[in-house]
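What follows is chain A paired twice: with chain B in the first complex and chain C in the second.
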Partner chain A sequence: MAMPVAQADVAVIAHIKSNFSSLTAKQVQDIFMGRTRIFPNGKFALPIDQSSPLRAEFYEELTGRPVEQINAYWARIMFTGQASPPQRLPDDEAVLQTVRENEGAIGYIDKTRVDGTIRVLLLVQPWKP
Partner chain B sequence: MKTIRSLTTMLLFWVAITAFAKDSYPDFTVTGFGTLGASGTDTSQLSFRGTTKETPGVTDSWGFDSDSRLGLQLDAAINSSWHATVQWVARNTTGDFLEQNLEWAFLRWRPADNLDIRAGRLGFDTFMLSEYRNVGYAYLWMRPPHEFYGGLPIYHFDGADIAKKFTVGEGIMTIKAFGGHSFIQIPIPNSSVIADRSLSIAGGKLAYEVGNWNVRMSYSYLLNNLELAPLQPVLDGLNNAAVNTVWPSAQSLSQQISTKNKAFHYSSIGLAYDDGVWLTQLEASYIDTDLITYPSVANGYFSLGRRFGKLTLYSLFGISETLNNRVKFSNPLAPVPAVAALQNSIGRLSNLIGVDEKSISLGLRWDIHEHIALKTQWSHYWLGDNGTALWLAPASGPTPDMVNVWSVGMDFVF
Partner chain C sequence: METVKKHYLHHKLAKTVFWVALLFSAITSVLFFITELNRSNEKTLVMLNQLLDTVESTAAIAAYSNNSTIGEDVLKGLLRNDIVHEARLSSTQGLQLAKAKDTEVPWQAGVVRTLHSPFGEAEVIGSLAITPEAQYNLLEARHSALLSGLNSSVLIGLTALIVLLIVRSSLSLPLMKVSNTLHAIRVGEQERLGPLPRNHDDELGQLVEDINRLLETLQEKFSAEHGLREEIEVIERQLRNIFETTSAGIFLLDATGRLLTVNPALGKVIALPHLSPKELLGQNFPELVFAEPELMRELMAIAASRNLSVVQDLRLKKRGDVSNNWVHCILSRQTDALHGVCFEGVVYDITDRIVAEASIRHEADHDSLTALFNRPAAERLLAQLIGTRTGAETPLALFMLDLDFFKEINDTYGHDAGDYVLVEVAARLKNCVRASDIAARLGGDEFLIILVDGVSADYARQIAKDICIAVSMPIRISPTVVVRLGASIGIAINGGQEQAIEQLYKVADQAMYEVKRQGRHGFAMSLADGNIVVEKIPING
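Then we have the complex of A and B:
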């Protein structure tokens, strides 16, 4: 049986000078779900979310859950005063700009928008149980 | 109460004068949540209510009250380690509408990545959902399981908590301790009386989150600082010297009935599993008390749900049983009418207020939009003799031993 080729369309990106070359899907999940606020190297992480349709694709591929479940999760965390969800920017361009300017920033963009000004930490693969 | 109010005013003022700062700190966000819900039953002899803090509940003449609410939250990230949060919820409550509905108002200090220290008004984190019962969008059901949460009128307390997270294996363990004071106002059934309760609270929880699993155990100690006002005439009667000559056990009975300086012990365990398709949750608790008017009670529920795309179908089973709710006391030596009346009122006090409730529910949640969910739920309740303390019963007359409750609602966050 022919397996469908896993196609990664979302790239997780960080500042070009970040001193680690990649993150695992679990590490990215922990940062974007607010379970940790630091990178593996101990530096403070500033996750940047999007308000574009790419958001749903990113979370569904990263966690295997529909974006409504991610929103319900954050509603619980946020309205019990534990943490705030990542700041949202409107599109890839805004995320790219913020990541270029902030060493601690970590964001995600459409793979086709990747250029040499930022570092790719992970190509998000469709989630497998 | 006054301290909380002036604290909030100061916070709001400070928010107003710093709102135009250009740095990323302080960073302000306003968010909110709400539920518009309507419920009805098949009886006019009992009113269904979400918790014992609410009146008048709904009957066969339907109503919007029980589940509907609107919450607003203001968050201020002062810098990377200091944060302030204020949350106020417009909802059906008893007592001071502004003060009793101020759910959160605290400052949080995060000296290290995994350590949180908060002070101010905080949610009462004694069961899995007790901190976010108002946020319907964040849970599956129409409302938190009635048998488990209906008898918990305490939503918040004024004090402090400390929470530390540890990485244990593949998961994260949280240890939390809290302490403070809660002032709550509750309705006294069949009267317009509002009882003030003042409680000292101390407790802790241990939670572990790994993969699709979430498990927790917690314990809270509550000390009742005030006499329940409606009891005072009865207690005065029992302490009366003349009454004691006719009824020698009266005075010791008054000590038994008194609620002042009596303690509650809340112990609970909870387990939740969610793999994105199947979700299940169960909790069990035992509330041990020394109060005759609020006897010890054991509660539990089990829920199983399955997602079909944007639809989630769920079932829920709940049980709550008051233990040892029959009080035995010796009879007066002589049949004096005033003493007999006193004896009757004690009989009513000690034997009316109990919970004997089981239910099965079926429901549907439909996530029609990223931030809006529609829900509908049918619940069938079995109620035993003197077991309707979570409901509002008429002063006299028989109450049904089975009730159906239907609900529809819309939950949203913004």
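Then we have the complex of A and C:
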């Protein structure tokens, strides 16, 4: 395993008015990895990434892959010009701000920062093969 | 020596080795091609899988993200490999990509790799399929097979060449030498095969020795046979010479008596000198030649049954003025492979002998002076006559005759005169009897006359009287001397029944003495009662 990080759970959050209460880890993965751009209800999905240390934890727990592979993945996709990785924000605060303001946005934050202004769609558990 | 186009052994061997090698090479090439094709197929499969391994993750990303650009990149990359004919990428989200080379290939099994999500191994997100380039396998296999074929051909060819050279130098050349020498040697010659220095201890050396031994034996046999043949030729020539020049006639008859072989002398011997041997062939020998052909046929039958040589004197047919008419014939049966049963025979002229025999017999039987039968002949003839009588015949008469006054003539005029008288008397006696009757001089002036058949007492008396008269006729013994004789005849008649010769003689003798006692010149006959009646004949002046 990589160097130990704070074993805080990561919460996937969306706009408070989202008319669905939860997503599966796979649905979250497909959205963040650019496989799909819509939510199960057919609404457009805008994944928000962040460049904090939480990012590595999030992707490793979500996909079971080191974050370097995720970067390589995106590098490959980007090279084709057909798609680009999710927009990256500096920290949880900026993510919260953006999710509160955009109905289709979906992002992830430290679980401890969750408040009532947003809806938690999924709590990401450490990935188990 | 005849020169024929030779087919050298080592050439034949080389040809055979070449063709067999070629065949083997072809077979191994084909086998190699097949195995190589299989191996190449397997190799292709492995390579395809390796290719799939290489591009799998990228393909999975393309399928996962539905990214056709990455997918096409993957497919292009795959097609850049020689072994790939066609590549297809499909994803569960509807991405369908396919790329193929524009070569024509028969349909064949490809390799399909199922693509899993790059982030969740268990999820199937699409498939990547590759069809191999068939041409590639074929080319590769063909190339390998060609290489192997070339390789084995070169090896086999080299081996064949080496074998050929070895065989040529150590077997074919020495053998050719032996063969050529042997070819030049004629049967029976002194020449022998030269030894092979390098092969003295192997089969070739042994062959040469054996051939030489065989030539030796052959020469010996040949010269021996040559000598023998010459000997036989000499004998044959001698025999032929005998056959050709002998005075005896030699012939070969078939079972029916036809002439199969004759020698030149035969025609002369059988009194047909004008017929050549060729003309005689095929003629029926007994019928053609002999006065009594049945005798000859009988002789053949005897020879056939007894399987022995048989001999017989045979009389020839009477032919004009040819003098020989008797031959001695020796005949024996032979069994000829060509003709079956046949007879070989020899005939030679015995006419002279027969004539001589006849004259000897005549001399033995006749009185040399008068040519009448002599006493032994007369007695033999009489014995024959009496012996063969059956009793049914008419009687015969026996005259004993004694000349009267012969002694006086002999004493007076000498033996020559006496002999002359006897000859004259004999002639007159012969004139008085039939040719079949017997007149004999018993000795001195004693004669015996036998009237052989149809004799009655009167006939006998008549004959006796004729004789008396004939004898008493004057005989001129010299120009100046004429003599007269008388005859005393005693007659005995064999009356039909068996009567001993001695008895007849005795009766005739007694009758004759009775005539002499009563004054000579006459005849007397004993009657049945034993009396003797004398009839005297007066001697005419």
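We adopt the following convention: the second predicted complex is superposed on the first by the 121 of 129 C-alpha atoms of A that agree within 3 Å, B and C clash if a C-alpha of one lies under 4 Å from a C-alpha of the other, contacts with A are read in each partner's own complex, and residues count from 1 in each chain.
Operating definition for what follows: contacts are C-beta pairs under 8 Å (C-beta built on N, C-alpha and C of every residue); 3 or more make two chains touch, one makes a residue touch a chain.
If you're wondering where the values come from, they're calculated on a predicted model, not measured in any experiment.
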{"item": "Superposition on chain A - do chain B and chain C clash or fit", "value": "clash"}
{"item": "Chain B versus chain C as contact partner of A:65, first or second or both or neither", "value": "both"}
{"item": "Winner by number of chain A residues touched, once chain B and chain C are compared", "value": "B"}
{"item": "Chain B versus chain C as contact partner of A:21, first or second or both or neither", "value": "neither"}
{"item": "First (chain B), second (chain C), both or neither touched by A:44", "value": "first"}
{"item": "Contacts of A:82 with chain B and chain C, given as first, second, both or neither", "value": "both"}
{"item": "Which of chain B and chain C A:34 touches, first, second, both or neither", "value": "second"}
{"item": "Doubly contacted chain A residues - partners chain C and chain B", "value": "35, 63-65, 73, 76, 80-82, 129"}
{"item": "Parts of chain B lying in touch with chain A, wherever the complex brings them together", "value": "29, 31, 33, 71, 73, 75, 77, 80, 83, 85, 87, 104, 106, 108, 113, 116, 118, 122-123, 125, 131-132, 134-135, 137-139, 172, 274-276, 310, 367, 370-371, 373, 413"}
{"item": "Chain B-facing residues of chain A, complex", "value": "35-38, 44, 56, 63-69, 71-73, 75-76, 78-82, 84, 129"}
{"item": "In the complex with chain A, residue positions of chain C that touch it", "value": "58, 61, 64-70, 93, 118-121, 123"}
{"item": "Touching residues on chain A, where the partner in the complex is chain C", "value": "26, 29, 33-35, 62-65, 73, 76-77, 80-83, 129"}
